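Think of it as A, B and C in the order they're written, each chain with its own count starting at 1.
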């Protein structure tokens, strides 16, 4: 397994590199520099700023300069928040976003998997139609609709939860639900489909023919195989969680990197954008790797050497 | 008689109509003997056996009526929970396709000891010892190591042996073998048949052997029931069936065996398709498949033509032959 | 009769029930999918004839009126500029649906072309092409789209491209998967051995098998794309005023949702209902076209 991990890390280096180049090119190709919106600054000040941030040097030089710093995990100073470095901003925002993401995923898995499995067992009954209708809702109602709706009902009307912020646990519930709802919906459908697929397999009939009780058939024989599609979904799901965090953090005023990213994009904060992009890519690669490792470990037909039997 | 089934009827209620899979059949099996059930796909052979074990999914299936006496109890009157006590302990099944019938996510050991843990209240340790022995009995070499492998590490023939071991590990009184060799190649087939035979003799198990292959039937069965379109059309001892077939369907089956042809002769096949079992069949069900295809409105009757040799006799069709 | 004659006779009878007929019957039985289909048609029609039925002009502001709740004069109320919300929702629908269909068409085009080439030619080219897809899959596309939209001016047409570019990957994978499987299928060989002509094989067997998942996925991509557009508009990166889409309407609705909730509710409902219809229809199509619909 170690070899597999190393192999994957090795393979991801060119990807990260490509991301870096991509982002860099994008930023530089855009019309207007980071300071073009500062209409109040005089030309000399602008020139000084450009010098300080080395924006006058040839592009290739700028790139390698930056690359060097990145390899030392130094993402440079933020262009907008002049006295803060990107590292600082990321350092402050990342844990918040990760925490939010974690709660969202836990919520999604608990709700989604359980309702999906029950829906499969009690197919075509109310226990099936009800959760599946709700899951349809979860897929069709985007987080920027759900979030405000939840706030309207639970924070403004019923005053159970606070409207925004990120201080104590009451602040964390509505955002986690908002971010996780879409995933709960997908997971419900995935686990239902996965379970149904397994329950139709011949070996389930074999288990029944051996006198295994119904609950044991589900728990011991069906669950493992049925939940595999769920695991393979989780890796790529991180990408969506990322996107979701932009909206959720904006709605609930949560100081996470999602929000900083969007603001950075608007402010043309080069270093911030590049830093967060690299970070996000690395996170994505990491979670995909995790998901693949889990998959291979749980499925006896797959092995780390890559041969499928 | 270990098992006596009388007037069993099973139907499936689907969107496209009521599909009568098994119509009023009766059969019995004795200890240590093998009852062979022969028929085409869709003739109701498997459904007839799964019905009394509660393995027919009940929507859309329904046991319309019947009686299945096993050791003095009518199985058809039992609940799922009660039936679970019989399945895998007193009555076991070997299924057709060993490639799909074992759980790929669980080790062989786990699956083998399961019936013992459930029905015989053994500890895991004891069960594992028995499991090892059972693998040895079915002729799997290197059984100590193999016990802890996963199904995909076995070949088809070996998986079927594992299935057999799993079915017999609790020493059931009745074994249902549902086309156990159909999915295997010919060389392995012979070995598996031999194995079942051996184990049956050892433990005096009653066996119901389902197959579409007459050659296999002639090898293993003491008595034979021929099924067509959900009904048993002829029932006799194997010897009588082969020497004196009476029903046109039986005769046609025998005629179709490639080995029964001369070299260079065109292979005989029964024309047409089996009937649509969701539509009411008037008269004798086999007429459309005979070469004369004369519509027949006669009701066939169950007639004993020889000692213990029964036939679903339709006067017109019997006259006209195949 | 002989074996040969028997098989041909049976084959002729069986080929009668084609996949499409079967699928159509199954689809008709699925009430939710049918409801989805009709609602979708209604939405599309409304969007097309919007200029004809809108009670007010799109931009007509009535500042002194300000935001008012639904009334007989304004069925969905008015917004902070006094504009009739019903009109804006109608016109917003035109944009949202247009973006949905066009961007999907873009991703469809790219995806099908890419997938077919990769699957047909196979071999090394296929491995390379799929590797690229895998890599692109692991990239945070959203980030690039955001960057693209921020930096290159909020160009209407660029948005189609950007959104389409996010979705084509899965389509390419699906198409390539289908092409590959079909090339190896035993039933294709069976068709050959039955003596069916090439033309018959392609039209009756190959095409339906590729088209099926493509149709299903397309129907399910449209709502994703619409969501993406709404998401971008919400962040201020998509459609720009004075044009309006449901996403933009929702975005401004969120700002004032405490005082004027109808500004959020109506566009929100419009979007949700359309997405529902598309998803139910897509689901229904998937169940109908999958011959192994063991979910029954």
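The rule we apply is simple: a residue touches a chain if its C-beta (ideal position, glycine included) is under 8 Å from a C-beta of that chain, and two chains touch if they have at least 3 such contacts.
Treat the numbers as computed from the prediction; the structure is a model and nothing was measured.
Enquirer: When you take the mean of every protein CA atom shown, which chain's own CA mean is nearest to it?
Expert: Chain C is the most central one.
Enquirer: Measuring between Cα centroids, what's the chain most distant from chain B?
Expert: Result for the farthest chain: A.
Enquirer: State, to the nearest whole Å, the distance from the C-alpha centre of chain A to the C-alpha centre of chain C.
Expert: Between these chains, centre-to-centre, one finds 23 Å.
Enquirer: Measure off the straight-line distance from the CA centroid of chain A to the CA centroid of chain B, and report it in whole Å.
Expert: 53
Enquirer: Taking each chain's centre as its mean C-alpha position, how far apart are chain B and chain C in Å?
Expert: Spacing between the chain centres: roughly 49 Å.
Enquirer: Can you tell me which positions in chain B touch chain A when the two form their complex?
Expert: Chain B reaches chain A through residues 53, 55, 80-81, 84-89, 92-93, 95, 97, 100-106, 114-115, 118-119, 150, 152-153, 163, 166.
Enquirer: Can you list the chain A residues touching chain B in their complex?
Expert: Its residues touching chain B are 201-203, 205-214, 220-221, 224-225, 298-301, 309.
Enquirer: Provide the residue numbers of chain A that touch chain C in the complex, in ascending order.
Expert: 12, 15, 18-19, 22-23, 26-27, 29-31, 123, 136, 139-142, 144-145, 148-149, 151-152, 156, 193, 196-197, 200, 236, 239, 242-243, 246-247, 250-251, 261-262, 265-266, 268, 273, 276-277, 280-281, 284-285, 288
Enquirer: Residues of chain C touching chain A in their complex?
Expert: It comes out as residues 135, 137-144, 146-148, 150-153, 223, 227, 230-231, 234-236, 250-251, 253-254, 257-258, 261, 264, 268, 271-272, 275-276, 279-280, 294-295.
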